[in-house]
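We call the chains A, B and C, going by the order they appear; numbering starts again at 1 in every chain.
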Amino acid sequence: MLFHDLYKRPSRYAVPALMAVTAVWLSGCAENGVMTPLGPVAAGERSHLISFFLWMLPISLPLLVGTPWIALRYRRRGGKGKYDPNWSHSVAAETAIWGGATLTFLIVGWLTWGHVMGEDPYKPTGKDPIHVQVIGSEWKWMFIYPDKMATVNKLVLPQHTPVVFDITATGAMQSFWIPRLAGQIYAMPGMGTKMNLTTGDTSEIFGFNSQFNGAAFPLDKFEVDVVTKEQYDAFLQEPKHPWAQLEAAFKKTATWSGPELFEPPMKDYWMKVMMNPSIATDGGAAILPDNSPAQKAIDKAINQDLHLSQLNGGAQ
Amino acid sequence: MSILGSLDLNDVFIVPFLKEPTLSTGIAAGAGGIVVLGALAVALLLTVKGWWKPLWSEWLTSLDHKKIGVMYVVLAAIMLIRGVLEAVVMRAQQVSPAPGFLSVEHHAELFSTHGTIMIFFVAMPFLTGVINVVMPLQIGARDMEFPFMNAVSLWLSVGGAALVMASLVVGHFETGGWTAYPPYTGIKLSPNEGVDYWIWSLALTSVGTTLSGINFAVTIYKQRAPGMDLMKMPIFAWTTLCTAILMIFAMMPLTVASFMLALDRHAGFHFFTASNGGNMMNFANMFWLFGHPEVYILILPAFGVFSHVIPTFSGKKLYGYTSLVWATIAIAVLSFTVWVHHFFTMGQTANLNAIFGIATMTIGVPTGVKVFNWLLTMWRGKLRFSTAMLFSAGFMFTFVIGGITGVMLANPTIDFATHNSLFLVAHFHNMLIPGLLFGMFAAVNYWFPLAFGFRLDETWGRRSFWFWMIGFYLAFMPLYAIGLMGAPRRMAFFTDPAYFPWLVVAMIGALCVLAGLTSQVIQIWVSVKNRESLMVPAGDPWDGRGLEWSLGCPVPEYDFTTVPHITSREPWVDAKAAGKRVMDPTEFVDIHLPKPTGMPILVAGVATVGAFALIFEMWLIAAVCFVAMWVLVLIRSYDTDWEETITAEELREGYEAHKRLVETTPKVSLDDEFTSKNRGLILEEAV
Amino acid sequence: MSATMTNTGAAGHSAPHDHGHHDKTSTVIFGFWIFLMSDLIAFSLMIANYADAEWHGIANGPSPHELFSLGLPTIETMALLISTFTFGLCTLGMKYGASMKRTVGWLVLTLALGAIFLGIELYEFHEFWTEGNTPQVSGFLTAYYSLVGLHGLHVTSGIIWGIILMVQMKHFGMNDLLKSRLVRLGLFWHMLDIVWIALFTKVYLMGVLS
C-alpha cells in the first residue's frame, strides 16, 4: 500500500522517502578508510587517488560517453548515422588515440614518480620520530616502545608526531595497516619492513591485518589511540605486567584476551625475532578442524568480540 | 603408514556433519552431496539413455579440435556454475548477522576455491576451448598441429578440475586464497591436505596449458593457409598466438613454484620457510611472474573475439587492424615486466616500486588504443545488437571503468591504501568479468553454429546479458565503495554496520548474476529443443567476415574440403562481394585425420589418480601411477597407425553437396537475422 | 614475416594442405624446440632461486665455499661435454646415411658418458648427505639439491629415452619417425649440456671462488 501511495501522491511521500534513503546511505559511509584521513600520509594517498581518477577522465570519458552514443546513433534500425562499411583507417584518429593514450601515460607516470618518491614508507616524515617495533602474530599484534613498554593489540601515539615502525611477523605473512593514518606494509616472518607516518589530531581508530591468516583473521586487529603529548607520557607510566608473562602467552597461536600493557623486553628482542621468528611463536596450525578445542576457543573469542562491538554501538 | 596415506573417515564429506551438525558443516556436506549425486545422476542418465558408447567413441576419444574445444567449454561451464554459486554463498554469508553461518575456515575454503576455479578451471578452459574450435577454422587449418597432445591437455585440465571437485567430497581445499602464499600454506600453519589439493590440481592443469600453448603456437606458425602471411591473419589468431607464447613462458613459473611448495611441505625443504634460510618472497615473485602474464592470457583471446564480433554486427570492416596487432604484441611483451605491482607493499625500495608502477601504466596505452579501435569500428556502421554484440558493447563500457581503477592501483602510493581491500577485489572482477567472461559469452553466442549447426536462442541470450550486466554493477560497485572505507578482502564477516547497505546491494547483484547464468542454462536448453528452427546448415548466419564462415554449419570433421588461397585479410568478404556463395575449390587431395584414441583420457586419468594419491600421501600408489603414465606414453609411441585417410573423392562430394545446399538456400534479409528464416548463408541487406 | 610460412613450403600455387609424415617431422621438431624453451624457464627460475639462496639462505648450514671442490665436478663436466660431442656425431652420421649399427654405437657411447656424469653427481650427493648436509639443513642446500637434482633428473630421463629409442630402432628399423625422435633427443641432450655449463659456472666455479 505504501508504495502504491508513493506512486500516486509523490508530493506527500517523496521528500521523506528521499531523505530516508539518503540517511541510510550516509550512515553507510564508514569512516574507516583512506577517504577520511587523519594524518598527512593517508591524506596524501587520498589526494593521489582523486587526482589519478580525474587524470584518467579525459581519456576515459570519450569511451564512456561514446560507446552508448555510437551504439544509439549507428544502430541499424532507427539510427541516424551515415554508413561507411569500408572506413577502417584514419591517420588523424590513429594519432589522436595513440597520442592521447601516450600523453595520459606520460602524465600519470610522471605523477607516479613524484608520489612514490614523496611518500616512500621508508622515508622519515619528520625529525625525532617515535620508534615502535611491531610483531604480527597469529591473531594479535605486539608493539614494543623500546626500553619503555610493550603492548598487545593497543597502539598509543601522541598527536602530530612522526612515527617509525619496524615491522616483522612470526607465523604467516601479514599486512600492517592503519587506513586512516597510512597505507599498508607487509609484516613477514624472517624479514623486517619499515613504515613512517605522522599522526594527526587526537582520535580513537583501529588498525588491522589485511592478509588472510587463518581461523581468527576477523579478530586480527588493534586499537590505535592518538592522544595528546601529556596523555602519551602518562600512558608510558601506566602500571605494567611482567614481560615474562607476555613472552609466554604471546607464543600461542590464539587470539589475545589478556592484559594489554607490559614491561619492555630486552633491548634487541625485536631484532632477534626478526632473524628467527620461532623464538616468538610455538607455531601451530592456523586452520583447525571445526570441532577441535582450539577452534572452540576461537569461536568463543569471535562471539565475545561481536558481543563487545554491539555494546560499543557497532564501532570496531 | 597405511597404503591409504593420511586419508581417514573424517575426510569423507558427510562425517563432520554427522558428528557435529551445524549450518557450516551442513553446507559442506550438502555441497559434497551435490557432487556425488550429480555424478550419479549423470551416470544414470547415460546408462538409461544408452549414451555411454556414443559418448566414448564420438567425444571422449575424439582428437577433433572442434570436439575437444567443445569439451573444454563444457568443463568451463560446469565449473562456472560452481564458482558463481560459491560467490552467492559468500555474499549471503556477509549480509547475514555476524559471524554468519559459515565458519571462518569454511568461508576461506570458499574464496580459495572460487578464485582457483574461476581462473584455472573456468577462464582457462573456456578460452582454450574457444581457441580450439575457432582458430584452426580461421587460418584454414584442418586440425591442431598435435591433436593427440591437444587431447592430453584437455584431459589433464579435466583431471585438475576433478580434484577440485573431489575436495568437496574427500577432505578440504586450502584456505590461503588462489595465490596460496607461504608460509601460511606451509606445513606448519596449514597441516591438512588443502594446500596439496591446490598444488596438484594446478600442476595437472598447468602442464596441460603449457602443452596447449605449444600446440597453438606451432599450429599458427606452420598451418596457415597458403598466402595468409602474418599480417593477413585474423585478429583472433593474433591474440591466440600471443596468448600461446605467454602460456609457453608463463606457466612454468607456477609449476616450479608449486612443486617447490610441495617439497617444502613434504620433504622438509626450505624454499619458502620462515626459518633455515627460506625466502617466501621468492614464491610471490615466481607466482606473479606467472600470474601477471596469466592476466593477459585470460584477456587477449577475448580481445580477439571482440575484434570479430564487433565488425560483423557493425556490418563494417575492423578499424585499425595494424594498430590492433601491434597493441596485442605490446601487451604480450609488457605483461612480463610488471609483476611486482602485485606486491608493492612488500617493502621494496621506492625506485623499484615506481619503475614497476610506471611499467604497469604503459600497458594501459595499447589497451586503451584497442578499446578506441573497437569504438571506431562501430562508428559509421550499422549496428545489430545480437547477444554477442551486446556482450561486446557491455564489455567496452565496463572495461573502461576497470581501466581507470587499474591505473589508480598501479600507483604504489594508492596501492598502499587499497591493496588487500575490497577495492582491489572490485577492480579485478571489473577487468575479468567483462574482459574475459563477456568475451567468452560473446564467442559462444557468435560461433556456436560452427560446432553444432544451429544458432542459440536470442531472447534468452539477451536476457542473460542484461542480468549479467546489471548484476555486475550491483555486485561490484559497492565493493569499490566499501573498499575505500577500509574493508579488507577475505573477511568472513564485518561488524561495522556501515558496510551493511552496500553488502546488501552486492548480494542482490550476485543474485542477478546467478539469474544471468540461469538464463544461459535456459538459453542452451531452449535452443537445443528448438534446434530445428535454429538450424543454419548453409553456414554464415550473421553475414560474417572470417574464413570460418565460408564453411557449412556444423563444420564437417575435415573442416575444409580444399584449403583456400588467401590474398587478403577478409577473403570471405571478398568472395561474397564477388557474388560467390562458396569459396572456389583449389585442389582436392587425400588427407589424413587422426583416429580417435582412448589413450589421452587414460594417461590423464592415471595422472589424476596419482595426484590424488600425492594429496593424501599415498606414496606407493602415486609412484605406481607415475610409472603407469609413462608406460602408457611408451605404448602410444609404438602405435604408428594413428591416422585415417579421407579421400579426395569424399572431399569433392562434400564440396558438391555443400554447394548444392548453398545454392538452394533462399537469400534472407538482415531483418530476419534472428528469425527461423535464417537458415544460414549470406544475408542480403534489404533494399 | 615471409609471405607463405605454411608447411607446403615455397609452393606458391595450388599447394595441397597435407598432414603427411614428411612435413610432420619439421613441425614436430619445431614444437619440441618450443617445449625446450619452456623447460629452460624452469632452469632459469631454479638458478635465480639458487642465486638468492646462496646469499641469504645459508642459515646454519655450510656456505658454497665450504661445501664444494672443483675436482669431481670438472670430471663430471668433461663427461657431459664429450657426450654432447658424441651425440653430435651420432645425428650427423644419421643425416649422411651412416649404418644403424654405427648410429647406435655413438648413441651407446653418449648414454654411457651420461651415466658416468650421473654416477659422479650421485656420489657427490651421497658424500654431502652423509656429512649431514641434507637439503633440510638450509635454504642454500635446498636450492643446491633441487637445481642440480633437476638437471640430473633430466639426464636420467634422457638416458631412459635413449635406451627406449635403441629398442625401437630394433623394432621399427631406422625410419623417419625414429630419426625424428633421435633428433629430438639430441636437442634435449644438447640443451642439458648448455644448462650444465651455466650450472657448473654458477654453482661450482663461482661457489668455490666466492
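Here is the rule we use: a contact is a pair of C-beta atoms (placed from the backbone, for glycine too) under 8 Å apart; a residue touches a chain by one contact, two chains touch by 3 or more.
What you are looking at is a predicted structure, and each value in this text was computed from that prediction instead of being measured.
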item	value
Core chain by centroid distance, with centroids computed from Cα atoms only	B
Chain pair showing more contacts of the two, A-B and B-C	A-B
Distance from the mean Cα position of chain C to that of chain A, given in whole angstrom	49
Between chain C and chain B, distance of the C-alpha-averaged centres to the nearest whole Å	34
Junction residues of chain B - those touching two or more other chains	275, 278-279
Sites on chain B touched by chain A in the complex	10, 16, 19-20, 22, 24-25, 98-99, 103-105, 108, 175-177, 181-184, 188-192, 194, 274-275, 278-281, 314-321, 323, 343, 345-347, 349-350, 353-354, 357-358, 361-362, 364-366, 368-369, 371-373, 375-385, 393, 396-397, 400-401, 403-404, 407-408, 410-421, 482-493, 495-502, 670
Residues of chain C touching chain B in the complex	1-8, 11-12, 14-20, 27-28, 30-31, 34-35, 37-39, 41-42, 45-46, 49, 52-53, 56-61, 135-143, 146, 164, 168, 171-172, 177, 181
Residues of chain B defined as touching chain C within the complex	140-143, 145-146, 210, 213-215, 217-218, 221-231, 248-249, 251-253, 255-256, 260, 263, 267-271, 273, 275-279, 282, 286, 289, 560, 562-563, 565, 586-587, 589, 591-593, 634, 637-638, 640, 643
Contact footprint of chain B on chain A as seen in their complex	24-25, 27-35, 42, 44-46, 48-49, 52-53, 56-57, 59-60, 62-64, 66-68, 70-71, 74-76, 79, 81-90, 93-94, 97-98, 100-102, 104-105, 108-109, 111-113, 115-123, 138, 170-173, 175, 177, 179-180, 182-186, 188-191, 193-194, 208, 210-218, 276-278, 283-291, 295, 298-299, 302-303, 305-306, 309, 314-316
